[in-house]
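One chain, subunit A, links the two complexes that follow: it is found with subunit B in the first and with subunit C in the second.
And then the complex of A and B:
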């Protein structure tokens, strides 16, 4: 009996099919790249990443460190990337805070608070984020001009931005301090979440967790103080001079509108996640804690909160990744985040393919880092082995 | 003295305990009620009591009262709803919107939940919509895609996302669980990459970068490229939702179908996919809700859909002051669609979990 012919054999067919699939994919990508290169070459552009060291010749309207038109592209990209991270950090923190509050209101027993939470969530969750952003931006632009700025405490509020009293220290020192503080917080989380160094007793570990950010704060304050110019006063207050406001720290409408929009919108989504988390905590767990004589606060902070957090973390990870991506909406109002810097770079330099590659790389890096960190945290707090799931 | 019936007494006591059970609870009640009342009062004052309803009112007339100036809607509603579509032909836009709404409502009825009927409804609806909007046949004047705008454009993007994205999602989901390792792995990479990119960057690539990368005959209209980008993004997310549904289908189902000798396609179409879809239904509707809201992102690449049309409606010297009214109007339209869809999703979820509890 002869073996089945080659084209009838299952493994051959699988091999052939996969080869064709791969070849088609490679051909599509290659074709697109070659077409793009020939099109760009026709415009007199050379491919490659040498342009990264050229001057940009244009300006960014929001930066954490100094940026001038004479700076090279790589510096612009880096600053845009920092803006995206900065915006993400602020709005994620804000959204988590609001989400926790609204979620607790929605899962509590008080009907009045529940109603308020429901109104908030339905209102903010059912309207497109970009619509909310445009609305806040229109509101911010309708504030009085700098000459009629509203004074509030030491701050001045005008259509050009909110001017807060600030410290007379250099921008670099502020950035350095922020980096030190972040490192300190990260170290504390790492010590608390991992089991390393092994064999450390819990009391000393807890002390270590507190010491790490303490040292960071001290170092940050020292860095700020070192950069202070003794000839100037410590505090700078905003004041109206002619048509402009000078002094103080300016928060641009583009920045605070985007941060506010993402915070409130994300807060509504996170609120629902928090509510789901508390719903997943079994009644028996709460009742057992109460039967043990724990106070309401202890029941909440020692039993319900940790259990709910464990239940909501996987969904929360997806939401955080989504919110980070939402910072790209900055381009709609003119906040120079990573995406907007890329878009302007493409229109100014024409190096399309390279910038698209950088854009993809940047967002893949952000997402994978965030997901990796949060997944690590998730593994650290997830239930080990087969335990009761808590739902009755 | 009249005695309160026992049952009511219990309810009263429970209400009192819920609202004023402890000091903290009382404070929360008072604060919440105060906030809700303040909000209500402000909205009522602004939108109704202090508002100017006269359709012919100008800024000077409106400025005398502190509330909303609804004249802006009376004057500009056709711009907001239909954008720059030719004025005499706007009845076609309105009709096209009605067709889409009917299609959405029909596909929400359990009667239409079969692949054939859904595909027919959506395909047919999309065709009517397209003929009405584009014209050029049946004596209708041809209207270029660049002139489409307002609500019909929003609905067009939404429907096209569903019509292109859903089959694409099914294909991607099937490829990801394929037995061929290369296909499964590569599809997984593609899905994960698309999911980790912001939609805006995909839109931007499709609108501005893609023309460089495609041979001339494939470039096509900007609108279609952008719609394809949104559909691809939708498909990547929806494919993962369907994959979640696949995981909920017991293994025995597919094995039994295999044992009966069913080939791949009937096995998928008749056994696995229907069950997976049933499990994935709440998440799918949620994804459609998000897709509806994300249509508004095309503002950034220069399309005049509902939100952008609202922006142009008040960006004239005459109505510059009335932005809140315009945004409230646009928001109400979005809210009607999104809230309706998400309520429907919640209803379905409750219905399905009720069925499971009985078993």
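And then the complex of A and C:
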């Protein structure tokens, strides 16, 4: 068969279309940038990122590390970014836990548990998240003032926040410990998911998976202990002094309300994903496991859960990315997440475009990393030789 | 568990799905080492009956004893019986997230507390018996249907059960793979395994069965040694069924 003329060739045409599309895109971006620059220059505004090294002159109400008005913008942005990560970590973990529980209740045999699960999901899934957030925040503000704080165990609960007994260690040590623990967890996941080195004995691999977080926990505890001032007691208990509460660790209402709202709302969605995952597990596999004499817990943990998790994971990734974006609602109650720090920075500096670019870059980085890691996990545990989740 | 008692003893077994009666007063005795083939049209209750023996289905009336142990509400007796009764399913039902070897060692390690090295040695022995030791590291999804069913047989054998139940083991297989599975089943039968097989493979029944049972509409209609069953069936319904199965 003779080769078709160039303009009739499928591959040439495809290449032409792609090139034209790319050229148009580059032209559009370039044009927009140039226009914006000339307009900003006409208004007397300078573009560029030099402002990142200027002092902010304002304060953040929640940070994991120390922040002062004399600190530069980049440090504020970094701390806001960490707040978003922290909020995301806590609410995703919480939402996953609630989701698993509610999903299991809904797919179980007990009618009372099923009803409870259904009520939960219908209630939390059908109200707008921002409404739920305002509700919890209003509830938190209705708590008694610090002088009449409710004592619960060693904790004090008031409208100013929940004060928990804390360890007398430095904030830096806590951050270091958190980083060590995260690294340990990441290492464990990596060892479990990777198939390298090939032919590593599964028993030894499983042992390694347990050893990695073990070492991390040990290192974390040592880091905490090293920063403890021997002159002070190990625990600091919150106590009311005059009009306010001192000592202990304060969890501010903005933080726990947002975390609680995302956790409960996300839990309802994840509950449905979990239920769907268990539905996708073939009845045959469960029966085979029962016929072999496995206990109900063994059937669940060795067969149903691993197979259900594989069915859930692709949808869970979407949900996680969605929930991370929901942390930006913090601005509605005044939790200084990445979005709120950016919004304040824009008000104070006027560098709108640059900050929005940083904001978008930050969220893209979080969600892209999250999705990439989970997608990799998804590929690593995919059923070999199956197109889908293998229900036969 | 008393190995001198009959392997399976079923008395007056009833099973309902809502208002529909799936089993009507079934009586069946299987001696240790006996091979019984159960056949009958679809919906006749054959699968339901053998699934009652290891309590994948709960019965509503009558008694089931396995080696003298009565199957009742006692969870302990169900666990005890499941350890001694292996099952092979129509759809293989292998665990797709585990390798062939892991499929075979899971239950011995969890239920019998066999150490891993020993469980793996036993598994390799049975994988050799079903003639696929070279596939031990593969996943079920990478095997053909016939290979998967042979793994499923090996998996059941790894628990070293006294009785094997087969629930239409060749019905989901392509014709060219049926023989390899039947060959394995014939070998097992010749080695004296107590077997209860629901199957339409009449050649297999003629070759290895001590007794053939015909079920229809939730009842046992006829029960006879294969020679008598195929050559001189007593009941009209059996004759009709045999003409449909063998007639082409």
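In the analysis below, the second predicted complex is superposed on the first by the 341 of 392 C-alpha atoms of A that agree within 3 Å, B and C clash if a C-alpha of one lies under 4 Å from a C-alpha of the other, contacts with A are read in each partner's own complex, and residues count from 1 in each chain.
In this section, a contact is a pair of C-beta atoms (placed from the backbone, for glycine too) under 8 Å apart; a residue touches a chain by one contact, two chains touch by 3 or more.
As the structure is a computational prediction, the values presented were derived from the model and not from experiment.
A.B. asks: Please work out whether A:25 is in contact with subunit B alone, subunit C alone, both, or neither, and reply first, second, both or neither.
C.D. replies: first
A.B. asks: In the overlay, answer first, second, both or neither for which of subunit B and subunit C A:234 touches.
C.D. replies: Touch partners of A:234: none, neither subunit B nor subunit C.
A.B. asks: Can A:203 be said to touch subunit B (first), subunit C (second), both, or neither?
C.D. replies: second
A.B. asks: Tell me which partner A:110 touches in the superposition: subunit B (first), subunit C (second), both or neither.
C.D. replies: first
A.B. asks: Touching A:129 in the superposition: subunit B (first), subunit C (second), both, neither?
C.D. replies: It touches subunit B, and subunit C stays clear.
A.B. asks: Per the contact definition in the header, classify A:302: touching subunit B only (first), subunit C only (second), both, or neither.
C.D. replies: In the superposition, A:302 contacts subunit C only.
A.B. asks: Which chain, subunit B or subunit C, ends up touching more residues of subunit A in the combined arrangement?
C.D. replies: B
A.B. asks: Per the contact definition in the header, classify A:53: touching subunit B only (first), subunit C only (second), both, or neither.
C.D. replies: Neither: A:53 stays clear of subunit B and subunit C.
A.B. asks: Which subunit A residues are contacted by subunit C in one complex and by subunit B in the other?
C.D. replies: Of subunit A, no residue contacts subunit B in one complex and subunit C in the other.
A.B. asks: With touch defined as at the start, can you tell me which subunit C residues reach subunit A in the complex?
C.D. replies: Of all residues in subunit C, those touching subunit A are 54, 56, 79, 82-83, 85-87, 89, 91-97, 106-107, 110-111, 116, 138-143, 152, 155-156, 159.
A.B. asks: Quick check on the complex: what are the subunit A residues that touch subunit B?
C.D. replies: So the residues of subunit A touching subunit B come out as 14, 17-18, 21-22, 25, 31-33, 35-36, 39-40, 105, 108-113, 115-116, 119, 122, 125-131, 134-135, 138-139, 142, 321, 325-326, 328-329, 331-332, 339, 342-343, 346, 352, 356, 359-360, 363-364, 367-368.
A.B. asks: Can you name the residues of subunit B that touch subunit A in the complex?
C.D. replies: 18-19, 21, 25, 28-29, 32-33, 35-36, 39, 179-183, 186, 193, 196-201, 204-205, 208-209, 212-215, 293-294, 296-297, 299-300, 307, 311, 323-324, 327, 330-331, 334-335, 338-339, 342
A.B. asks: What does subunit A use to touch subunit C in their complex?
C.D. replies: Per the touch definition, subunit A meets subunit C at residues 203, 282, 284-285, 287-295, 298, 302-303, 306-307, 310, 381, 383-386, 390, 392.
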